[in-house]
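As structure tokens, the structure follows; a few thoughts come after it.
Lettered A, B, C and D in written order, each chain numbered from 1.
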């Protein structure tokens, strides 16, 4: 693995950067848009771009999971939530609170600190992605060989979350 | 060691009992108190086994030590054991716990809920026993704290009068004390790099610089003095006693107060000898003020429980005086006084609880004047306990006080003349104690015969009180039975101090 | 490929998520912001996994778990929001302040 | 287990049994009480037969190495006094069966008397200072219990508490004295401690002075005498026991027991003599104006005890013990007889008595003998014992004692004056009770039953013949002069001397004559002066002002202080905590997002700080 500077990109780098820019831009739209439904749609774009990033990083299985669960399930769920809570259609000024300056400052500060840290630490580190491929079979083998116990625990967690969600959303008359 | 399972079992049995009460269903309400008696009987049996296994000739060293590494990163180990200083207190705790359980069978205070009541008592038992057996500073602190929560619940839910306020005062005050004590422990641990109480007592603590010792000693003593309670940190005690249910008062006075003075003898005196030598005269002065103040304040109270609470301040003053002499006689006196006070005040609170159950109050104004006539046996027991408490020779209460005076005649610290002045003042406290107890007996016991009789002492009350009465008499006529156990251990403690003397 | 690229993406997503979390009033938007933060972390997990060429695929497995837990979280979160909405006809986060005790 | 310890334990166990089982039936309680005391008397006789005056019997204690307890010493002195204690106690127990026939709480009463006896015996045979303290204090407790036997009456309640507290005040000194003795001599064994203390004048003075305080309390000497007259509120047999066999004798006995130490402290002896003179004459004068049969006798006890204390102060221990024994017999006799009168008439007020001679012949004769013995008329025991004290005073006046000769002269003069006053109050008492017209209240009075008058008759015997035991063959001096603490010397007979005999006979005639002459004059306390004297020279008021009221004031202060100042500091802790809490609570107004902002900022700051720390 030869060392190269940041300013000598390869094709993979360019692909990743483009996808990443899409993800970041879409994410920015998510947190700034004045239409709540748009936010959900921008979220789809952002998360989809991230899934593309995963693909570039050879994490095939994770990418498909991302698409399936986030784009397929979570966003739909969020849209349902908006519908059920009578989210306003069209632009609304009330989506954003009053502490914009404080929030911006905190967010920038943490981004800056972490960013500086990463650039300082990994500016010249390269990933060798050749020959790696985390397909479903590879991940499946890994999950069920080494991570089976947390996996099972997670299934219990999901079940209890399911039960809890049902219990919570029952209407008052039955309780 | 063959009997290494005994001490852990002593802790585990009540702990499991408490857990069982936590998990038990509503149906357990009926047999919960009997279950409590069973568990406490098992505990008492185990304690007797410990006594049988205990080698009296080597009571100066720790026996039946059980040791496990626990949190090595924080220098905390699980280490328990007993020696001549802690064994009598362990026995006292088991005995009083048993008595309380027997008493509770038919007399759970309002509002009932026997499961929770028994569970809390058992949890309390774990904390108290653990405190007396712990050989690690942090472990000691943990058990010390475990006691607080059940006691808070007992006072706040089963108490009477201003129970919430009293319970909160109790918890605030004692937690504040414990925090200060923990700081002191941390100073010791950081300075010496060890939390092992035995190693610290055997010279490791004495290696600390004098200023570090002083800091640690003041912090630890401050925390323990709240619990003892030493004047002027005693103010939580009367309120807590007045509000607490009977068994709560019994255990509070009988065992909890001893944790403070035990901590002084076990930790402060041998671990921080240099500091102790400089602090001792002040401690003695506070002790004697406590003796006189407790007696005078007792006389001025208008509630039986408050009278006894203030008498505890006075009695614990004698214990503190004994400790502050740093002499063999004095510390023996303190340990003896601990046990005697536990038995006598335990009995007093039982009897007063009996009176309260029958008349509904402990305030003089609400009590009928003639207990001797309306319930002769109960009156006799009240008189007996009061007489024992005022320090009648021939009963257990006297020896602790008398030996403390003898110790004060020959303290190990240089300020002899000062101690002799204190000796005279403390002896005056004994007369004042007589004054207020006679006032109580005259006010409560002796009066024209009433129209209605009260129920006299019932069988279950006899069962739960008789061991205390018997032990008060036995220790009164044969004090050496207890002193033989404590003496060698006290010698070890005092030797560690003797090296620190100028 | 540079390691710092995915990491910078990760940090950016995380920071944007934090901003959304702090500034949005609508609870559903806050949930979305949380998802952004989680994705930021996920990206760095995958990146490091690939960087180490981990045999156990610990990073990617962890991402799977995070995604699962996020799904569960969304489910529960929305259930709670629904309850809140039923009770107060609004899900504006700065109006749910019952647990704040009046200064005494 | 030595026989001496057995002698103590038998009545103690009888007391325990009496408390446990006595409630079942009255005969059982009586049997236990009488049986216990009789057994103790048996053991005492057995001990006396071992001739302890030749070779003291020493019993070691239990609990070697820590706090040995239970060591006993039986020498001639202890053996003799133990015999007297058991004898009088037994008679009191028997008498009580009749006297307390109507008493609902007889079983506990009899048990307490047994305990009282046991405690006194513990003091008598104590071979270590701790056993001495136990016996000493338990006696105080028993006196409290028995004086308060009729606690339904306010008078009894007050008297009981007073007796306990006044003696307890003296006991502060006693306890500190014992502590000093133990501390200074490093032993708890009585003979060793006394010998060691006698070699060190400082320790001897301090310890004997402190212990003297306790003695003044127990033996009712000025200024701790005030409890004894009030103790009349107890039943008469109890008074007999307290005034003769137990309580008051204990004080004198303890000084005798620790005598070498006292001899090493002349200052204390002088103080004792002065106290004795004040008490002797003062109490006798008070006795003259009392209007209650038992109160007269009570003040007389105070006065007579002063004789013993005086004798001790003058170095005449044998005379003191002699007088203590002879006084015990006569005073027990007098109190039991007074009890018989009260039992028969129903009152002890002298105004309501009179002319009882015919209706109560046995009581009349025995009480007359008792009074004669008290006054000291030849050949009754009181004559010889009182003369022995006078002889000791005369010797001291000639400089044959540890104290200065003026002390001897003072004691001699005051003693003879007191004899005259004693004769006067005895004569007055006799006249008011037995002669003169019958009062209404005493019509239909009959002699008491046999169980009560037999003890009286039995007590007459020693009251009459005991005096001769100290004469030619010197039995008594031989018995009592040999103790473990002193080397065996030759016993001298306690023989009267002509000069003192003449003086005391004259004093008796003057006193009795004066009482006869003024017998028609109203002698009950009249006017301010009279009631002042009758109330013990107003001493109770002094106590009230100097001790009780200041005590109550201080109690008030402390109680108020505890309620306010400290209480406020405690609630201060609570309020302070809440204030600090609300201050910290201020930024937290329920805006979750602001919380998160601060959390994020804090994290950033923490990271920066850490980075800087690592970098530098």
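In this text, contacts are C-beta pairs under 8 Å (C-beta built on N, C-alpha and C of every residue); 3 or more make two chains touch, one makes a residue touch a chain.
Given the structure is predicted, the values throughout are model-derived calculations rather than measurements.
Novice: Would you identify the chain whose C-alpha centroid lies closest to the centroid of all protein C-alpha atoms displayed?
Specialist: Central by C-alpha mean position: chain B.
Novice: Rounded to the nearest whole Å, what is the centre-to-centre distance of chain C and chain D, using the mean of the C-alpha atoms as each centre?
Specialist: Here chain C and chain D have centroids separated by 89 Å.
Novice: In whole angstrom, what separates the CA-based centres of chain A and chain C?
Specialist: 8
Novice: Return the distance between the CA-based centres of chain B and chain D, expressed in whole Å.
Specialist: 36
Novice: How far is the middle of chain A from the middle of chain B, if each middle is the mean of its Cα atoms, in Å?
Specialist: 61
Novice: Do you know which chain C residues sit against two or more other chains?
Specialist: 18, 22-23, 93-94
Novice: Counting only residues that touch at least two other chains, what does the list for chain A look like?
Specialist: If we look for residues of chain A contacting two or more partner chains, we find 97, 99, 102-103, 106-107, 110.
Novice: If a residue has to touch 2 or more other chains to count, which residues of chain B qualify?
Specialist: none
Novice: Throw together a list of every chain pair that touches.
Specialist: Every touching chain pair, ordered by label, is A-C, A-D, B-D, C-D.
Novice: Applying the document's contact rule, which stretches of chain C touch chain D when the two form their complex?
Specialist: Of all residues in chain C, those touching chain D are 18, 21-23, 93-94, 96-101, 103-104.
Novice: Considering the complex alone, what residue numbers of chain D touch chain C?
Specialist: 578, 582, 585-586, 588-593, 596-597, 600
Novice: Can you name the residues of chain A that touch chain D in the complex?
Specialist: Its residues touching chain D are 97, 99, 102-103, 105-107, 109-110, 113, 117.
Novice: Under the definition above, what is the set of chain D residues touching chain A in their complex?
Specialist: Touching chain A: residues 593-594, 597, 600-601, 603-604, 607-608, 611 of chain D.
Novice: Considering the complex alone, what residue numbers of chain B touch chain D?
Specialist: Going by the criterion above, the answer is residues 168-169, 172-173, 176, 232, 235-236, 293, 296-297, 299-301, 332, 370, 372-373, 380, 387, 392-394, 398-399, 402-403, 405-406, 409-410, 423-424, 427-428, 430-431, 434-435, 438-439, 442, 445-449, 477-481, 483-484, 487.
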